[in-house]
Amino acid sequence: MAVAGATGYIGMQCAALVQRHPHARLVRVMGRSHAGERHCDAVPGSDVELRIEGSLEADSADVIVAALPHTVAAQHAGAWLSAGAVVIDLSADFRLRDAAAYERWYGVSHPAAELCGEAVYGLPELERDTIRGADLIAVPGCYPTAALLATMPALRAQLVEPVIVVDAKSGVSGAGRSPQLGTSFGEVNESVHAYGVSGHRHKPEMLEQMERAAGGSVRLTFVPHLVPMTRGILATAYMQPRAGVTEADLASAYESFAAANEFVRITAAPPATKLVTGTNTAAVHVGWQDGTAVVMAAIDNLVKGAAGQAVQDLNVRFGFAETAGLESRALWP
Amino acid sequence: MAVAGATGYIGMQCAALVQRHPHARLVRVMGRSHAGERHCDAVPGSDVELRIEGSLEADSADVIVAALPHTVAAQHAGAWLSAGAVVIDLSADFRLRDAAAYERWYGVSHPAAELCGEAVYGLPELERDTIRGADLIAVPGCYPTAALLATMPALRAQLVEPVIVVDAKSGVSGAGRSPQLGTSFGEVNESVHAYGVSGHRHKPEMLEQMERAAGGSVRLTFVPHLVPMTRGILATAYMQPRAGVTEADLASAYESFAAANEFVRITAAPPATKLVTGTNTAAVHVGWQDGTAVVMAAIDNLVKGAAGQAVQDLNVRFGFAETAGLESRALWP
Amino acid sequence: MAVAGATGYIGMQCAALVQRHPHARLVRVMGRSHAGERHCDAVPGSDVELRIEGSLEADSADVIVAALPHTVAAQHAGAWLSAGAVVIDLSADFRLRDAAAYERWYGVSHPAAELCGEAVYGLPELERDTIRGADLIAVPGCYPTAALLATMPALRAQLVEPVIVVDAKSGVSGAGRSPQLGTSFGEVNESVHAYGVSGHRHKPEMLEQMERAAGGSVRLTFVPHLVPMTRGILATAYMQPRAGVTEADLASAYESFAAANEFVRITAAPPATKLVTGTNTAAVHVGWQDGTAVVMAAIDNLVKGAAGQAVQDLNVRFGFAETAGLESRALWP
Amino acid sequence: MAVAGATGYIGMQCAALVQRHPHARLVRVMGRSHAGERHCDAVPGSDVELRIEGSLEADSADVIVAALPHTVAAQHAGAWLSAGAVVIDLSADFRLRDAAAYERWYGVSHPAAELCGEAVYGLPELERDTIRGADLIAVPGCYPTAALLATMPALRAQLVEPVIVVDAKSGVSGAGRSPQLGTSFGEVNESVHAYGVSGHRHKPEMLEQMERAAGGSVRLTFVPHLVPMTRGILATAYMQPRAGVTEADLASAYESFAAANEFVRITAAPPATKLVTGTNTAAVHVGWQDGTAVVMAAIDNLVKGAAGQAVQDLNVRFGFAETAGLESRALWP
């Protein structure tokens, strides 16, 4: 296997997980920065001794996990697929079926629009069966993963009105490893703020999935917030139950969902994101306040929201145990 | 003036503000802990050299600012008022007009239900005129202050449907200074979680004010979250504009509100709580996402959400400049 | 195996490590708090389903790992040993050979002074051979572990004068899980301070070991500092090389030490504590500034500084691979 | 007055302090970034409405406070002085009397070596009298300020041997506002590490001052550490008292020093940096451990370690009250 973009926060995590995977072997790491250096010399905490390759050629790898900026994976995906590789892409390039929406939200024309139809949305909890046969898997964004796990059981069972508010809180690592003023310690510690209020790039991806699940149009309001922590996303979803739907109906739908998905765990209390830090678990709490459903999902944005989910997709695609290489546990405190 | 409960986080802040107030003189500090010690020896950062008195007698103070646990101020308020003092109470005891609601939410019978009708809700942005004549002022809770400033202009002008979601994020100091597992560094750093999902004690207070403003019933869903920071609350309010209401209508209502209230500032971007840390300012951003109004208010929970608001109430009550003693500015970074 | 004191920060970590250990089986968890509850219900992040026992009887356990307040393990150790258990004690009770020093520093008479001579100091990097035959192992404190790993190679090889300054920086979890004002988020975030300047309880333990290694008296100045982070200790040791000793001599001594000890890793740059968070590794950097040796050791205070070291002792004592159950890696970021 | 470099962390703080100064008037702000914008639009928390000028010409300003990268102020200082301005420079350019040392440590030739002799070292606690007559004031670095305040009283009174270890802990803002990987939240939170172990640029400046004070050569070991907090420096100094010097002698020297300097405060307990955040105070604790003197100084690196000290220099130079414009108090919590 190869990991492309192996020196960013998501790629580092991918390399670490693949390196420890019982059924995979990491044979290549690629990245624009630090080309020529050993991965373990360039990346804190890495024990991968492979040298980082500057090129993104497919070469011999049978699986390529790509953690690259948007448009870059799309430029190479065709070649990778032609070379026989399974491509697991962590960028936004293949998450939307609608290439026009991609161009609207990302402000560039899609480098490989013809592949959008082939890609499978890599959220195993929704698409396990199609992932099994897919050669191009688009790993969901971190916010969509949390938001969809918080809302899908209710939407699919038609338990709630298709009018949803998702208020999400993310750690700083979601913005990547490239230094920016907005992720500098002095700017973000001891503070919280919203961003993307008028519309965040992850919204169309959520909407597409929600509307498929609901079988009709959904009105979604999604507002992300930046919280002074390194990892973690908490998505708090507010939904109106349809007439006659009880708290127990709702709880039951989520429990069934958790029973069918090893990485979804229902918690009796609202989950702290730290409970899932470093793990591929989504901790989901089903709450109820005066007739409104309030469902929270907590994930580690770099694991279940990115690299862990890519490995979970790998496991599903190749028939490994879905938890292979993903057994780590959170530290507390 | 006297400050009662002067060794908790809110009381410390009250003592510090009164000590610097140009028109007030701090003559007594009272508190159950550290009685007999000088305030500056018991409280980090204090330069108040008065000795802490263990008793809560009214004595000679003409104004008593009380930062005590609920029921304690209510037990003493009658005597304080009889002694001729103006009482500015930071507890929940006199915030609800409905003593029965108090008993339901706080699980105790109200020690001075007969005074509930006399108390004025000390949010100057709503009740400036009645505060001028009040002898018993109930300073709002920190969450209600943020939530009401984010929603009131829209509700009072009937611009939105009376169905509101407020997702609030608070720093840890809101839980007070008494050591608790839930506010220990190791438990809360690098994590975020919701609490009080089925109903938080600050909700009835918000509802009472919102319904007065809307002139009818309001359906409020309020979920607080704990964020790993010391100070600050960000309330994100989601509201559906009534038919025909535009983004400009909404913005205009908030701008008028800010123009009439020195401590309300409209920000062009979603405010970071750190922008108001240590200040009495509420930074409000009026956002819009695909037809939904998303309004945020950021305050320092210990200043505009508590001690600063108490001083603002003092200023209004005694005809001082509303900003007297409250000119401090936030540090950045 | 049994873990006593399984609900504190160190005991939680012990239970988690033993639960995953390939050659051990956790059969009992004991603790004064939460007795009767399942461990996983009482402790965040635990997946140990055993019920917490309130009693500290030895019963059937062949190994007891004790993470109890000082004096408590000492009161039970005799009975545990008589019942045939190997005792791995994480308290200070058996770390000092000199019971009089214990009484001076801890202000209580030693409950089992007769056992002090039997106990072996459980720092495998120093005492591997004696640990192999020990039935009572005193796991070093977190500060001593870091300080000794930073200084021992130099002291044992007589490379430095026996006049040492150790300036240590610790995360907040070192103070335990019981709520205290001094570990509350609002008190410690955005701040650093020293404590125990006139003398910290961990000093006699370090001195005893340093003097054994140096073969003579050592003058040690040790000052701990509290840093706003959850886990991690960084010990910075300042030492004067003896005449003729070069930077290369020093580096060589530490490299030999690391070569002989799997959990000691020499780093080219000064280590960040985060590089070892969640791991049993001690990252050691050998620096030199204008003729003064400056050696740093970074550990996770709850792992190499406590629970991990206890498991490492277990591995040594029973002839398991020294890294068994201790293979975890740090997360970055 | 003018502030040059007004959009960095130090310059922002200078502008804020000058803006509020009772005897100064801020008439110009200069900076390479954001030229043409209003300062308050470019800098969070600013209420300075002046437009940022891209040029560094002296023009009409009678005082120029320069918070520029090293070499930049030196390039302009001659012209500024010729135009009649008093120059208060926060860079390293004029701190060393020895231009050769400057070139060795900064790797560039000094742009105005001829001015080095005219500059006065702007630590009022040491150089108050010479500052009064100076037109070119070199504000000390943040580390030197803390280290010198912790050691000077002992050195000047010949109470300690001239062999000193200073272990310093700094918040992240000391590295400035330009985004860097090393100050990104995900890299520094929950971690502490040393840097500059073989020699930090602030060391020659400290040494020069210490040797002047001691009247002879000093052997200094100085190691800075990065702590996950925004503001604050704690310098812990380890010194060996000369024969016959007692703890009381030492305490007395520091108390005299504090009595003569309004911004130096002796604390009974080791100071937390947060106690001085946002203030110009240096909190100094004089400790003693088994015959070794351990003295700590805590300052806010951006205030007493930079902008506040510049204003203090301004006050001394122009005969204002030394505390003018510097009365702010720390927030706790």
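For reference, chains read A, B, C and D in written order, and residue numbers begin at 1 within each chain.
In the analysis below, a residue touches a chain if its C-beta (ideal position, glycine included) is under 8 Å from a C-beta of that chain, and two chains touch if they have at least 3 such contacts.
Note that this is a predicted model, so its numbers are computed, not measured.
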| item | value |
| --- | --- |
| Distance in touch steps, counted as few as possible, from chain A out to chain C | 1 |
| A-B or B-C, whichever has more C-beta pairs in contact | A-B |
| Cα-centroid distance, chain A relative to chain B, in whole angstrom | 38 |
| Geometric centre distance via CA averages, chain C-chain B, whole Å | 45 |
| Contacts with two or more other chains, residues of chain A listed in rising order | 9, 44, 171, 173, 177, 186, 189-190, 228-231, 272, 274-275, 277, 333 |
| Interfacial residue positions of chain C with respect to chain D in the complex | 165, 167, 169, 171, 186-187, 189-195, 197-199, 219, 221-223, 225, 227-232, 234, 236, 238, 270-275, 277, 285, 287-292, 294, 296, 298, 333 |
| Complex interface listing, chain A residues touching chain C | 9, 12, 16, 20, 43-45, 47, 173, 177, 189-190, 230-231, 272, 274-275, 277-278, 302, 328-333 |
| Residues on chain A engaged by chain D in the complex (per definition of touch) | 9, 44, 171-173, 177, 179-181, 183-186, 188-190, 228-230 |
